[in-house]
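In what comes next, subunit A is part of two complexes: it sits with subunit B in the first one and with subunit C in the second one.
The block that comes next holds the complex of A and B.
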């Protein structure tokens, strides 16, 4: 190894970059989650036309989080963002029971994607602060998550209050470290 | 560190010394020099800064505070006494009204605008803070009327329907799309569709373009957010301080010509002026978007940020009034 390369290796940040994809139906809370991860104000959020991206530092990692709009019209574009993904975070509005079927269908389609095969998936059962929210086991059973062939985890949370978000991200870190 | 020291020295010693010197040489105070030397937003912004930095800033703070309290007690019903403040400043500064008869009315105009802008923020924030509620009949009616204005030939099959997607809402129920902008998003869209119906339908039609299409309502709510953020950050002072007395009347956009009473100076900006500016920005964004020839709708954030940058650079110029064809104007500069 040349001196220059050695120096570069010593100098360069050992920090690893992770590409994380945030997906889910519109109004699931993806942007709120993204802003929460970046410690930004969450009170003026608007529907995402297109996508948002933020870089967040977390326990030695640089997380590049891509938040893609969840509107039906935009979903066909999701697949343009599937390259080199380390983790998929799928966000569900646990209080919107009428759309469980729709969110299940979208999730099933994601699981079929070749480019995402084997990519670990964290499912945030969001909006647990709302009184009519379904709990994690209810959602897990309803969507048949048990049959998923990859590392996965469901985490109840409230992106609004931040409760449960940290626990979910800890799972992400552990999973990536095991890789 | 050096910057902080310099700022401290400048504010406590250097600035007052320069002001004192100028005062001795020219025989006029800073406020007088501003009122004589500048007009429009350039004047009002400088007066605002001078008052804030003044050793008599107590005067300014107290005046602002007094107005806010008065507004809250009377729910905006009482006019704050600007004249009293103008007289107070004239006394403290020892301005001779015979020698400088223009000073009092100029200063008064500035104070009306400064106060008006603060009140506008307050008013707009009140609308934004109100969340959309399906239980509120007024909210529901406004939403349904929005549909009728935009889609006169098609009636809604039901309140919850995929049809909402035709005017650019995300799902079956627009309720969930207002989010952080609350009722401000709906009021803005409604004002546009109600007051500028033809223009609104035209923009809606553009949003259906097979290649350069976008979601009309969602983009509308994002432009609400942009306009709101410019207002709150004080960036729209340029526009609103210039608004009642535009530099070139002949260049005024058609939109504004339909509201001739705006020219009566001095009049502080009201909620309708905010809505009007919103309509204008949405129309301009639509033009900007089409001119950018985006690959697809996923380019929205990039183009929105570019649009904001352009607006900010225009607003840095004290003579700017956001009106028709400002995009072209921005291109020249």
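The block that comes next holds the complex of A and C.
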């Protein structure tokens, strides 16, 4: 995928393609999730310094999924990717309770973004395979998701095992079909 | 008309005549694109004196010396192997494009981190960070041959003009309604052209910062833009499958090159502006008569999208890069496929010749750049080391330094 392919992905064909943005703190599991969606090997994943893009076919749609690096110093650049987004998937490491506040702040900022106003959001409560993981309702309450003014859904999952990922993507497909 | 002096141009070979006319100093160039080390000097001299009234018999010895000097330069064989000189942790996000100034003393890198950086080639030191864009800096250009200005086109829909010496921003060109993805100066450095995802191209005045014209007509994104050598025409390649040739002065359309069955990836003039080569997602490359706008050849063979095309400096060879992981070398006149460049393990997104025309450089998603001999098609060297795909590459004018820009946030200097 050279520069030209990146330009083609900037403008997706609204009838057949969906542009999905995968955001969240560093180490939330975004790249693992992306690789899982693309049915790729997930054994060697390193922190994303920039972005990764994969295209997957799902019920007649081509999903162009943009996984954006989540380290603090590059979070200000998330805005680079906000044009023409159909769905935001926000990934949370459910086992990292120390960072719930930080992830909540980032999420709150995203919800304020004009360019993402009204864009449906799927929240993956990831890493449910870990023993200390908070469950979905705990996270939902903690982050005050109930007050979000858009279509949203929280889905517990494990990007490692794949559990729950399919259910989340089914919500994505239902949501876009209703548009 | 009075001849003042001669200037030599090595790549492509030519002699520039500086002369006086009506009190003004003007230049014209005698192109010697077919010159080879073994060409008979007297025959070349005869032809020049026949065509060029400024070359009087008294000047013949001087011209003979110049031609010999050009031939010496052409005969010089450079078989040095490139080594990795420096890794520049250039940006905090992936790089986009890279470009040298004419002398090769400086180069620039664009990035997703919204900056463009100016680098000293000899030391690898950062000279300036051009800050101000609010989104990805995608398209970058020096105003070669002068090299004192830089244009940056951004996803923030603006283009900025900077001083390469001080890093100061002279102008911000506003008017496009979508991402700017290509930009170029005319060779006289009086105007900047920008191409945008908003389907238009715009021409801007370098001096005043004002918009001169909008080139309207494409029905989809413009992703490639280049001036001809004279600077009186500009071509735009679009996702609407066509290329349009525009008159720079009037901003009007001269021709539209119609025939490709897929998006255009790249469109280039050859040196003497007689031909235009276009690469397309339809897996072919086409060659067009630049004067009439007629397609005169379709170069088939690639099994996947053609992502880039490049003429050598004399315009005799054409190289293509494809998503099928191969490159090809064609004779630009006969359209014969001369060589297949095989070895990359991922799509090739960029291709260029060195100014001497004896090396081809390719950049690939396989994280390597490779050097090829256009005569044999053999891979001479693999420039390995980047940890992610390479988005851009360039030779300096001397042909002895290469820069590669990667998605791994680094730029590497090879020499």
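The working rule: the second predicted complex is superposed on the first by the 164 of 179 C-alpha atoms of A that agree within 3 Å, B and C clash if a C-alpha of one lies under 4 Å from a C-alpha of the other, contacts with A are read in each partner's own complex, and residues count from 1 in each chain.
As a working rule, contacts are C-beta pairs under 8 Å (C-beta built on N, C-alpha and C of every residue); 3 or more make two chains touch, one makes a residue touch a chain.
Note that the structure is a prediction, hence the values are computed from the model and not measured.
S.K.: Once the structures are superposed on A, label A:79 by its partner contacts, choosing first (subunit B), second (subunit C), both or neither.
M.R.: After superposition on chain A, A:79 lies in contact with subunit C alone.
S.K.: For A:16, select first, second, both or neither according to whether it touches subunit B, subunit C, the two together, or no partner.
M.R.: neither
S.K.: First (subunit B), second (subunit C), both or neither: which does A:43 touch?
M.R.: first
S.K.: In the superposed arrangement, which partner chain does A:51 touch: subunit B (first), subunit C (second), both, or neither?
M.R.: Both partners.
S.K.: Go through the superposed model and pick first if A:26 touches only subunit B, second if only subunit C, both, or neither.
M.R.: first
S.K.: After overlaying the two complexes on chain A, where does the subunit B footprint on subunit A coincide with the subunit C footprint?
M.R.: Residues 49-51, 73-74, 77, 80, which sit in both footprints.
S.K.: Can you check the complex and tell me which residues of subunit C touch subunit A?
M.R.: 92-94, 96-97, 112-114, 135-136, 138, 155, 179, 181, 197, 221, 223, 239, 263, 265, 307, 347, 349-350, 363, 365, 388-389, 391-392, 407-409
S.K.: Quick check on the complex: what are the subunit B residues that touch subunit A?
M.R.: Going by the criterion above, the answer is residues 165, 170-171, 176-177, 179-181, 185, 214-215, 218-219, 221-222, 224-225, 228-229, 296-302.
S.K.: Using the touch definition from the top, list the residues of subunit A that touch subunit C in their complex.
M.R.: It comes out as residues 1-5, 7-8, 10-11, 49-51, 69, 73-74, 77, 79-80, 83.
S.K.: In the complex formed with subunit B, which residues of subunit A make contact?
M.R.: 25-27, 42-47, 49-52, 70-74, 77, 80
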